[in-house]
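Both complexes below contain chain A, partnered by chain B and then by chain C.
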Partner chain A sequence: MRTTGRRPWLFHGGMIALAALWLLPLLLVLVTSLRTFDDLAGAGLASLPESLTLDPYSQALGAGEWRSIVNSLLITVPVVVVTLVLASMAAYGLARHRIPFRRTILLLMLAGNLLPAQLLLIPVLKLTEQFGIFDSRIGMIVVLTAVGLGFYTFVLHGFMRGIPEEVTQAAKIDGATTFGVYARIVLPLTKPAMAALGSLAFTWTFNDLLWAVTLLRDETKLPVTPAILGMQGQYFSQWNVVAAATVIAAIPTVVVFLRFQRYFISGLLIGSSK
Partner chain B sequence: MATLPKTVRRGSRAPAAPRRGVRGGSREAVVLLAFVLVPFAIEMFWTFWPALNSVYISLTRWDGIAPPEFVGLDNFTRMASDETFRTALGNTVLWLVLFGGLSVLGGLALALLLDRPRRGIGIYRAIFFLPVVFSMVVTALVWRMIYQPEGVLNSLLTAVGLEDRARIWLGEPETALYALLLPALWRQVGYVMVLFLAGLKTVDPLLHEAAKMDGATAVDRFRYVTLPQLRPISTVVLAVTVIDALRSFDIVWALTKGGPYHSSELLSTYQFSTGVLGSQLGYGSALAVVIFALTIGTIIVYLVRSLREEEAA
Partner chain C sequence: MTHLNVSRRGFLAGVGALGAVSALGACATSTSSRPVATGSGKGSSALLLKSRETSDKSRKAMQALLDEFARLNPSYKPTLNTMEAAAFQQQIRADLTLATPPDVLTWFAGEIANNFAKQGLMLDAGSVFPAKGYSEQFTKLSTDATGKKIFIPTNYYWWGVFYRKSQFEKWGAAEPKTWDEFIALCKTLKGKGVSPLALPLSDSSWLTASWFDYLNLRINGAAFHRSLLAGQEAYTDPRVAKVLDVWHEVLPYFDPAGKGLAFQESSAKWQQGKNAMFLCGPFLADAMPADVKQDISFFQFPIIDPAVPVAEEAPLDGFFASAHSANPEGAKAFLGYAATPAAQELYLRISENTLIPANSDAKSPLSTPLIEKGRAMVAGAADVTQFFNRDSNDDQLGALTTALVRFIDKPGEAPGILEQWQSDSAKARGN
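Moving on to the complex of A and B:
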């Protein structure tokens, strides 16, 4: 089973064909985003380009995509930071201290995370209205942070239990406070897990559509995911602009994925194996 | 509390007086309690509390403005005669079976093919995984160009002489739901593959060698060596897949919004248009309760079945 196959050319031939098929839709979008409107209108989507241009990108950015990308980042970055801070605090408390009902607390938090969003949409919308944070970025940040906390706490809890007891015990004997142990000992040791969860949280938050279309109405506040859906209606037949907008919207998560690739996949796995 | 009262404290804020030590200890307890209870309370307030509210709202008639009016199980009995609900429920079950089944089969197949160390395997894995990082909306727009009436798929069909097979893939009730399935799978298969690859790492290669020596065929080895050892990860994959399948919303919302004529409606999109965008908050909440019950139900059925199989084995 672990030996190299008898017919490597068969394996590679098949895999290259499948991989090419997998990448074909992406290639199509990339090429379309670099074509002129006249070229596309004349020859159709499934044709070879006559010439390449970057105009569709400036058109897409000019049509409000800059603003929506900034909106996405203004929501995503705070969500990632606050989520990691809160989840690591809870995980540290639950993993390293004999708090009564700690198992129940952990399981309740995980269960809260697994509730289908549909069950939360209507009451959460009403709650944000009551707090005056409906149709605001703050509202998005609060809700996206709160509904995700359980998963991150659960994963970090598993990770922190792996830190040897002696390390934190020694710090305490040296007079470190609870906060000191957390900030100076536990957090630095948790870095790999934090990087993994951070890149996951970034992707999930950045890609959110459901909460954005539920909690936001003002077009100037929309993050990029719902915004490009709107652009699609506006630029209905200008496929080059829609394609450019799509490519731009994908760049941030692809960058995070490539930069944190190792962590990213391990994040998915620690999430699943514990 | 883990702070030891006996410990000899050093440094400026650790004087030896025992009374200060006790007070320091209780302050530590407060800090620790805040560490756990603040995140816990925040999450509970925004998840369990709304979920409980949803269950209550599902028993009322409510337009979101006037006070809700308690109507018992009316919203649930109304579903029986609601044609759109029946379509959405049927589509959701079909989606669960096709999206769930095919992504698990495809992911498992890719994982088995890409498990053995070989040259170039990292690149193949990365390619199949790449769509996972895209949002469903990005995925949807990519595939819209393929499905357009004058898009790539129809052009290809015309090019090979099958122009009578060309259709408006997203605009015809017969094809819309299946046209949504392909992009959803394209994005999900790589994710399932990664989960199974992790599971395959735990399969002991020595067992395979032993089975081989005893004359087991590749199919036997898969059935009796690989599959049983994949059981723990399979439970995780199933839970993830069921949850993902039943909360699928983005791909449908981005491409068809449930249309044409509700033919690609899922419970999640129907819930959204009636309860969130529309003004039937009671009925919308009842639909959400049905989605929740379906999720829990499917997972419980699987768990009970696999427990029984384990007992029988």
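Moving on to the complex of A and C:
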């Protein structure tokens, strides 16, 4: 490999430019969230701030963002936990047992995932109404779990097939039950994939807007995404407050991502060496 | 070999999944009309008002309206549920077919309301519709095709060319009455280095409809406008081509930066005097400081053909009740209350919106010269239209914005654009 003195500089320069381009909108949101509305309205978005203030944050939280973040977490955490438990069980069963039509089942789950969600909105709305879970957080949890399950099962299935058969067989010879093998052998080995999927599931569920505006009606039950939407007026929005609310809403997902970052990167390599 | 095998299986599985999902969907929709016992114990005293007024003051005003209604009718327990306007619009069709729909909803007069009425989704409010107080036009707008009163108008606003009095004084400009005066004014302003007309397109391309509506009303009259929107006339009609021709005359006077500006940015530019005039509704100044609100005025869209009876756009807002309401008596009682001058004054006093109460017996609680000027203009009009998407629907508005944004870009291609518009419009109507 030939390394001239200029190449790395070109590479780094390009990357710095790209990174700046990537970060610029985020920075704009952050700065906007710290300005006063009169400053914004008078000078426009693309101007230097006169002064910085934390008022938009207290305004956003005062407008009920606390409640909506709690709602979001009340929906997201059960969805992530239940999804991972169910998906890992299903994946283990499909990957390691001779279940009739196992491949069809798997593809069926994946096919369901490939349907655009918009197609399912009305049928699911009517179904939840029939089951009496329309306009409730339980309904959101059930639907969001069901919607994601196929994809997570598919990914975990691929990962679990990579676990050497000898390991599970050895456990069985030592007298472990099927569930024992799942809980003691397969689950610990699947941890990186689970952590990666968990953080993905958290982000997707937390940031979901489509299902929330379809299945929820009561203002007091709305998660944070439609709540931020509700802060916008029909013609005019308090840009600074909306920006502050957005920054606040991003915190939980950022925390989860930072916490599981290590797993996330190794999890992305799932199946790459096959 | 195996690869082929998988894809065949995959295909079969996919077909199976599609079938299963559509079967589920069919089953769910086919049973939806059956009443279900899932309601959250909603007694006949509960009353849910779903509103799309998200601004802080409008929210308070809506709550005040409900509180006052509950004070006058202690047997009802109304609650307010507010949803952002776009989501509200997206949800409303599903809402109206729920087993327990909201009892009363905010909405606007026009074609979409008529459509809901046609589908039997709106409660007959004839028993509480006041015999007097509403103008003949507003009464007509509240009546469906079968003659049922289905809508209670509460307030309306108007459209005009808004300007700042202090800026006009500075530039020595006067309100133009005719199209020629208007063009002359644009020319003068441009000569002074001011961009004469604001039209933000980045998030508000629907504003192009205001220009189309007014030009069409001024050139071809309200009757042609209505039949065009109803699909009885084609956009390839030479009369529509004339509208674009006339519009072409002022296109050079629009702010060239407008294409990339959001509504809020453009209104800020107008506020700073960088854009002189803005064809808009009074909501333009909603978020502006009080001293600016004192300083704004508007003039009537200039007359182009004096032979055409003058029509104005006066979008009418109000309430209607869901036909499947669990509490139709309560819903009607609320509609009856909302129709009273007292209720309409109460709402406007707290919301501080620049709107005119629809009941002509109601006074504007925060009367300003601006509001009175708007009221007089609408009252003096020979005909009143709503707005493009209210007089047709949102799909038609989509066809319009596609066509007109293209026209602003390439005015020379008008004939092709009109043909495309006609085909888009027909397609949208077919759905």
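One rule holds in what follows: the second predicted complex is superposed on the first by the 237 of 274 C-alpha atoms of A that agree within 3 Å, B and C clash if a C-alpha of one lies under 4 Å from a C-alpha of the other, contacts with A are read in each partner's own complex, and residues count from 1 in each chain.
In the analysis below, a contact is a pair of C-beta atoms (placed from the backbone, for glycine too) under 8 Å apart; a residue touches a chain by one contact, two chains touch by 3 or more.
Computed from a predicted model, the values in this text were never measured in an experiment.
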Three-chain arrangement built on chain A, chain B and chain C clash or fit: clash
First, second, both or neither for A:107, with chain B first and chain C second: second
Partner chain(s) touched by A:186 [first = chain B, second = chain C, both, neither]: neither
First (chain B), second (chain C), both or neither touched by A:19: first
Chain B versus chain C as contact partner of A:93, first or second or both or neither: first
Which of chain B and chain C A:130 touches, first, second, both or neither: second
Which superposed partner A:235 touches (first chain B, second chain C, both, neither): second
Contacts of A:194 with chain B and chain C, given as first, second, both or neither: neither
Which superposed partner A:44 touches (first chain B, second chain C, both, neither): both
Partner chain(s) touched by A:79 [first = chain B, second = chain C, both, neither]: neither
Partner with the higher number of touched chain A residues, chain C or chain B: B
Clash-bearing segment of chain B, relative to chain C, as chosen among 45-53, 189-197, 225-233 or 297-305: 45-53
Residues of chain A at both interfaces, chain B in one complex, chain C in the other: 44-45, 108, 112, 114-115, 119-120, 122-127, 213-214, 226, 229, 232, 239
Chain B - residues contacting chain A, complex: 1-4, 7-11, 14, 28, 31-33, 35-36, 38-40, 42-51, 53-54, 57, 64, 113, 116-118, 120, 123-124, 126-131, 133-138, 141-146, 148, 150-152, 155-156, 159, 186, 191, 194-195, 198, 205, 208-209, 212, 221, 233, 236-237, 240, 243, 246-247, 249-250, 253-254, 267-268, 271-272, 275-276, 281, 284-285, 287-289, 291-292, 295
Chain C to chain A touching residues, read off their complex: 6, 9-10, 12-14, 16-18, 20-21, 24-25, 28-29, 31-32, 36-38, 50, 52, 54-55, 81-87, 90-91, 94-95, 98-99, 102, 263-265, 267-269, 271-272, 283-284, 286-289
Of chain A, residues touching chain C in the complex: 37-38, 41-42, 44-45, 103-104, 107-108, 111-112, 114-115, 119-120, 122-127, 129-132, 134, 213-214, 217-219, 226, 229-237, 239
For the chain A and chain B complex, residues of the former touching the latter: 1-2, 4-5, 8, 11-12, 15, 19, 22-23, 25-26, 28-29, 32, 44-47, 86-87, 89-90, 92-94, 96-99, 102, 105, 108-109, 112-127, 142-143, 145-147, 149-150, 153, 172-175, 177-179, 182, 203, 206-210, 213-214, 225-226, 228-229, 232, 239, 242-243, 245-246, 249-250, 253-254, 256-257, 261, 264-265, 268-269, 272-273
